[in-house]
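Two complexes are shown next, each including chain A; its partner changes from chain B in the first to chain C in the second.
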Partner chain A sequence: MDFLILNEGFPLLSTIVFLPLAGALVLLFLPGENVQRIWAMAVTSVTAVISLPLYSRFDLTTAKYQFGEHVSWIPSLNINYTLGIDGISLLLVLLTTLIMPLCVLGSWTYIKTRIKEFMICLMIMETAMLGVFMALDFVLFYILWEAMLIPMYLLIGVWGGPRKIYASIKFFLYTLAGSVMLLVAIIALYLKNGSFSIPMMMGQDYSSTFQIWVFLAFFLAFAIKVPMFPFHTWLPAAHVEAPTAGSVILASILLKMGTYGFLRFCLPITPLATLTLGPYVLWMSVVAILYGGFTALAQSDMKKLIAYSSVGHMGFVTLGIFFLNKQGMEGAILQMINHGVTTGALFLCVGMMYERTHSREIADHSGIAQNLPIFVSFLTIFSLSSLAFPATNSFVGEFLVLAGAFSVNKIIAGAAIPGAILAAAYMMRLLQHVLFRGPGRPDLADLNIREIATLAPFLCFVFWIGLAPEPFLNVMHTSVEYLIQQVDVAKTAQIAMNIVP
Partner chain B sequence: MLFAPELLMLIGSLVLFCLSLGQGKVNLARYASLVLAIASCFLSLATLQMSGNLFYDAYHIDTFSQLFKLAISIGLVIVLLFSGELKGVDDRLRPEYFLFMILSTLGLMMLVSSVELLTLFIALELSSYSLYLMVPMRDDHGGMKMQMEAAIKYILFGVVATGTMLYGMSFIFGMTGTTYFSELVPKMHELASTPTALLAIALFMSGFFYKLAVFPFHFWVPDVYQGASNATTAFIASVPKLGAVAILIRITTLVAPTGGEAVVNMLMILAVCSMFYGNLCALVQKDIKRMLGFSGISHAGFVLLGLLTLKDTGYATSMYYIAGYVVMNLACFLVICKVSKNGENVSIDDMSGLYKRAPILALTLLVGMMALAGIPPFVGFMGKFMLLTGALRDGHLALVILAALNTAIAIYYYLSVVRVAFCSPPEDRPDVPVDLTTRCVSIALIAVIIFMGVAPKQLLAFAETAVRNIF
Partner chain C sequence: METVSAATGDIVTTSRLVWALLVPLLGSFLVSLSGKKPNVRESFSVVSAVILFSMVLSMVSPVLAGKTFYYQLFKILPGVTVTLRADAFSMIFALVASSLWIAAAFYSMGYMRGLHEHAQTRFNTCFAIAIFGAIGVAFSDNLFTMYLFYEIVSVCTYPLVAHHQDEEAYEGAKKYIVYLTTTAKAFLLPSLALIYVMTGSLDFPYNIYTGMFPADANSALVTMLFIFCLFGFAKNGVMPFHHWLPGAMVAPTPVSALLHAVAVVKVGVFCTTRMMLYGFGVDLMGLLNLGIPTAYFVGFTIVMASVIALTKDNLKARLAYSTVSQLSYIILGVCLLTPHGITGGLIHIANHAFSKITLFFCAGAIYVATHKKNISEMGGLARTMPFTFGAFAVATLSMIGAPPVAGFVTKWELLIGTIESGSFGIILILLASTLLNVGYFAPVTYKAFFGKRPPGEVYEGIKEAPLAMVIPLCTASLISVIIGIYPNFFMNLVKAVIG
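And now, the complex of A and B:
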């Protein structure tokens, strides 16, 4: 247990994880739609507030898992309830807790039917997502990883758009089919180690064939979640049909679970396989970046455009991860947060317009800058952030990823560059239509206070990360260095193996 | 006291017999059987820690048997609670129906305690014959005589399976000269690797494969599930499977731990065939009971994964899994019974918009189906997970991968029911009235499904101690 710093006293992580679930149970008995909305808002906000001490009390000097909790759960199989966070998961946890109240706020009027059930689904999702980022036991992780499919399925299937049935089933089947082999890999790892503890599986001396099989099982599950080309086809469908809050959760948090999985499992548990198969993943990332960019360029539906842009952005994240150097990896983690902030905000923007026009077509929103100046200002800033304009958050992330890339492999890095240009192209095309084209829509009202309050926090983070990324990068230094060290150990061992005939 | 639960059921069935002689005692019979079932739950619970032999050692009481009796009684209580009004059963036959339901349960309770071949056979037949009679008691919908066809199929296949089983028993007796399990076990261990012993075991098992609906003894399943009334199907689909698993565990101990390789291979092939056959056939079903029938075949395959490890942990996992299966299956059948207005069959489309018509039933259906599909945090996942872990520990990698693939196939048809219930509009289907009892039973079932999935610790440990002291 030397990997875990146990939390003395108040079980902070458990409280954060289970507060939304408890809130959902209470919500079952609350009458009145406004009461239900306010309750959901209150619970998610309280969760966000009590998660802040995680940052302020976080120890920057250690790569161990902090705020740890460890309770025996099923002793006969050595399954434990183990929670803990390190520099990699801390920001994702905070991203989740902070974005959920904004999701509730963003669906205040968007959801008109069955508000109680909707909010319950959101809160169960929050519990599952937070648990995934904190779990240090593979069974706990897998349970939460799969359990979130049900509320997410309902979010899309019940409150979604016209093709919701197709989209929700595709989402569910794709994700589930990807993760069944993950389960087999988890059991195989357990039988090697005698424990489901994730940190104890790291740095073990598995044979390289075993590692490759385990890596492939991991990879399938996580690549579908990211989603990497060619496993991305569920994403546009799910994004387009999901209600706004569903899209935000999907884009901001669910996709991050894939890349988080790469960082937490693939790299430290199967380093040899990572070294062998990493180059292929890099090329897949480049393809994803270019494919996402080109496809986004051709969309006329705003949600689809943003969905395909996600494929490209997540390509940058996987690119940064699999270059296996510090800059690239920190850039990748920061880019995960950035994508959560920017794309979440963009989906909220589209949702707000959809409430007014009941359309997501770019053409239906031509020239609305004349009528909705506040909205368009927000949209412009988030679009600029999405294309990694300097002084916005994505610039820092993409810059770090590319800097890391160029120091290792100039060809792959060079191949990814057009992706950045494509991002500018499709976002500019969107902006051009919305800002300058067409007669405008005088019948539409500009954003109200609630909507401004929903978007304003995103704006803060766009500029905060863009101008002063140090507070965000600081927390991950130690953990990332430790992670790279874990991979390097395997690398040295591999070289030694090759020298000795 | 040792015999108390069975004795109670026996007296109860006599009372029910008297009630069935007169006219118009339906409600009395219904509540009498409910009281009986609940009382037998408590008696099983009270005798849980006892052990002893009865009837010249032909009948053995221990934690293992009492645990199964408890599960059987609970299953009966749930079935009686949600389908007590017997919507699909002929009015005049209802008191008799309850009589046979109780008799069948009595047979199953005796089955799990029998440790002598002939006792076992008699107990099995008592339970089976009652079931054979329950199937054709359904109303004749549209003059199709569907229930008759189902009953004939059920009895014919049943008789063949019983015959095969008797044939196997005769081999066992011929080889060992005894019918008592306590004497059989050491003798069979010596003979376990001989071809005759294997043949005998395989034939013996087939009688229970029939009950459990393992491929290739599954042919009765779809038609009986479809042809019998909803309440009968709910009963057949859940409670007898408990008894079958109990006896399969007993039979497996005859070969374990030595010379089990051929039996393991056989079980493995049957498991894989059951899983694939059940899941692939279920994909195209329109009638929800038929679909659950095929899904039951695939779940039977999963149960075999625990048996073929030939270890106590594996047996305990199988017990846990089948108990969980009964609960989740009953949750689904509860919804079917309630949605079916006059006891007619329910197609998947009839579930359309259920979340608007009866939210609590929709939730029960969601939990039941997702649990059957093996999505955490429900019991179905935990059971599958443990079974896969146990099988992989024994090195059956290919088997585990095939089983995992089956989980992925299965999700489609479970999801298609959930999809219809949650994503389709109800169109002009009427609301489903839900009374307080149903509401309570639904919530209780959901709670049990979640609780068993999240906290399996005590249950598993208890099952394992029960299995360890099986003789």
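And now, the complex of A and C:
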């Protein structure tokens, strides 16, 4: 167990994971809609607050998993309850805990029916998502991975738009198809190792054929989740139909599970396959960036526009990961956080307008700047962040990814540049319509205090990461270096054996 | 050429740079809050302009004494920071932008009220933010900071170009933003990343000779980056990425005047020349032979834009193409890589600014007084508007390069620089463009003073534009004459740049 630094005393990770679930159980018995809302807000806020020590007590000097918890679960099959976080998962855990209260706040008046059930879904979702980022045992990971599907399915299917059933089933089938492949890979790895411990599977001497098959199984599961072109078609449907909080969770956190999977499983467990197949993934990323950009440019529905922009932005993340150097990978991890912040905020903005106009069409919102100056200011800043305007969060991530890319392969890096131009084009197009064209909507009210409070934290992070990203980059240095080292070790070993030319 | 490091010994960290930068930003904020009281709003504009100018002016003498002001605001990554710097090169542009803001603030008050324009609060707010961006560009210590403020200028001038909110304005504004953001993303973003990969930093050195690149830098890559930076800062109007400029002339005239003769285009040229002199450095540009070919390349823009200007009857369109042509003088001068060439180029930043803003101010004054846009309709108009056309005539002399107006100093230095560099083809370009300048400016003045009134025109009830417009335009033309006769003020700054 030398990969894990066990947590002495209070089991912080388990508390963070199970607090929302416990809150959901209590919520079952709470009467009154406002009580239910306030309770959900309180539970998610407390979870957010108690997750903050993870950052302050995080040890920057080690790549080992920290705050570790290890309990034997099914000894006969060597299945354990193992939790721990490193520099790669820390920020994702914090992103999850901090975004959930804002999701609750953003759904305050948006959700009008079955409020109790909605909040329960959100809280079960939170437990599952946090568990996925913390689990170090494959069975635990897989159970939580699958557990996310059901509340998400309900969120879209019950509280969604007109085509909610189609969208939720499509989402469910796509993700399930990927998960099945993941299960196959897990069992194959178990048969080799006799253990489900994820860190124990890393750095083993698997044959390259075995690695390629395992990599492909992993890849399918995670590429659907990211989603990478051509596995993305579930995403626009799900986003458009999902309620605001569902879209925010999807965009901000669920999509990150795919790229997190690449970092946590593909690279360290199957490094040889990563080296062999990585270049193909890079080109797939470029295609995703360009495809997402072009498609976003053609949308008239704001939610679809943002959904397709996600395909492009996540393309930058996978691009950064598979260049396998420090700058690119840190840029990719930062870009995961940035996308969570920016796209989450944009979906909240669209949701706020949907509450007022019951439309997501750009044309129905043209010229609203004169009537809703506060809303439009927020929208402008988040849109600029989305197109990687300098001094906003996305610029730092994109710049690091590009720097990492240009230091390895200038052709692939250059091929991704049109994606950055397209991002400017579709966001500017959206802004032009919202700010200028059209007569405006004097019948609409500007944002209220609750809505401003929902968006303000996102704004803080846009500029905090944009202007002083060091606190965010610091935590990942050691873990990223260790991850690259794991891949390099495999590479050197294979060069020595003349398997890789 | 020896490397001079006079400025490097004397770097003063001071927050006065930040305060100077905050003045236009705070100004814009106050302007946006005082929309309901036009007089208060306009006085905020004017007061911020005056404060900014005096703050910039107070830095001139320490800078001339060899000091460089410096202030780091944010550290993004190792080697990538938001940092401000005021050296002699910054001061040239900062002085021009801040002084002309005062004139433009008065002028736009007269223009916007004279025409009863809508959304004046938005207009004045964006105007002030654009100045904030321009001053930020002037005070940039590194490529990232420069890129940041460059993009701020692009975004916040969009509402100014689209001000009229009709189809023509949207078309012009769309072209404007598409050209500027596309070139920035396509050329500047990869340049930033590549330079960061190559050198580990985006900081400019403190002299114009050494540049940012290591001695063993891949020369093909550096050449590519050089081309990227020439086209990436498309606000410099170099062909073939100049189309946004005539398109942006749909904006109200004060915008055209300050932003498209001074702030925006000068931001482009300033960034280009800052990158050439401080990014690549005179030594490396000479070594890779990037100077003279670029001079010929922009020479094409100089001649071609002048030829196009000849064909335009719309006064603002003619001025727009004249701007495209004149901007390339600045780049051409710097690309000669000789002391006199660089002097001629850099001093033209100031000379062109004062003269061209006069011309635009005049075009606006004519429009407010008569609602005429075309040159062919202005025959004999000078008799009713003598001050406006007098100032116009003086400024055209500067554009042509006739003494004693400012433009002469430019032409003189450029000619010496050309002879120094030994590329005599450039002399032909300068001669041709001078003749073309005469060709498209002289008829305007001649017709206005001596031409016949168009048939049926009686010019009844037409008099000079409001004083708020006539005074700034006369002042600007007067300054053109003064810096033509006493060029030393800006010349000393340019000499401090060259070292």
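Details
Convention: the second predicted complex is superposed on the first by the 498 of 501 C-alpha atoms of A that agree within 3 Å, B and C clash if a C-alpha of one lies under 4 Å from a C-alpha of the other, contacts with A are read in each partner's own complex, and residues count from 1 in each chain.
Here, a contact is a pair of C-beta atoms (placed from the backbone, for glycine too) under 8 Å apart; a residue touches a chain by one contact, two chains touch by 3 or more.
Note that the coordinates shown come from a computational prediction; the quantities given were computed from them, not determined experimentally.
When the shared chain is aligned, chain B comes close enough to touch A:I169, but chain C does not.
In the superposition on chain A, contact is made by A:L191 with chain B only, not with chain C. Contacts of A:L400 after superposition: chain C is touched, whereas chain B is not reached. Once chain A of one complex is fitted onto chain A of the other, the partner contacts of A:L435 are limited to chain C, with no touch recorded for chain B.
Contacts of A:L305 after superposition on the shared chain: neither chain B nor chain C is touched. Under the contact criterion defined above, no residue of chain A touches both chain B in one complex and chain C in the other.
Against chain A, in their complex, chain B makes its touches with residues 313, 355, 366, 370, 375-377, 381, 385-386, 388-389, 392-393, 397, 400-401, 404-405, 407-408, 411-412, 415-416, 418-419, 422-424, 456-457, 460-461, 464. Taken together, the chain C residues at the contact with chain A in this complex read 74-77, 80, 82, 144, 147-148, 151, 155, 159, 162, 165, 170, 173-174, 177-178, 181-182, 185-186, 189-190, 192-194, 196-197. Listing the residues of chain A that touch chain B in their complex gives 73-77, 139, 142-144, 146-147, 149-150, 153-154, 157-158, 164-165, 168-169, 172-173, 176-177, 180-181, 183-184, 187-188, 190-191.
If you check the complex, the residues on chain A that touch chain C are 384, 389-391, 396, 399-400, 402-403, 405-407, 410, 413-414, 417-418, 420-421, 424-425, 428, 432, 435-437, 466-470, 473.
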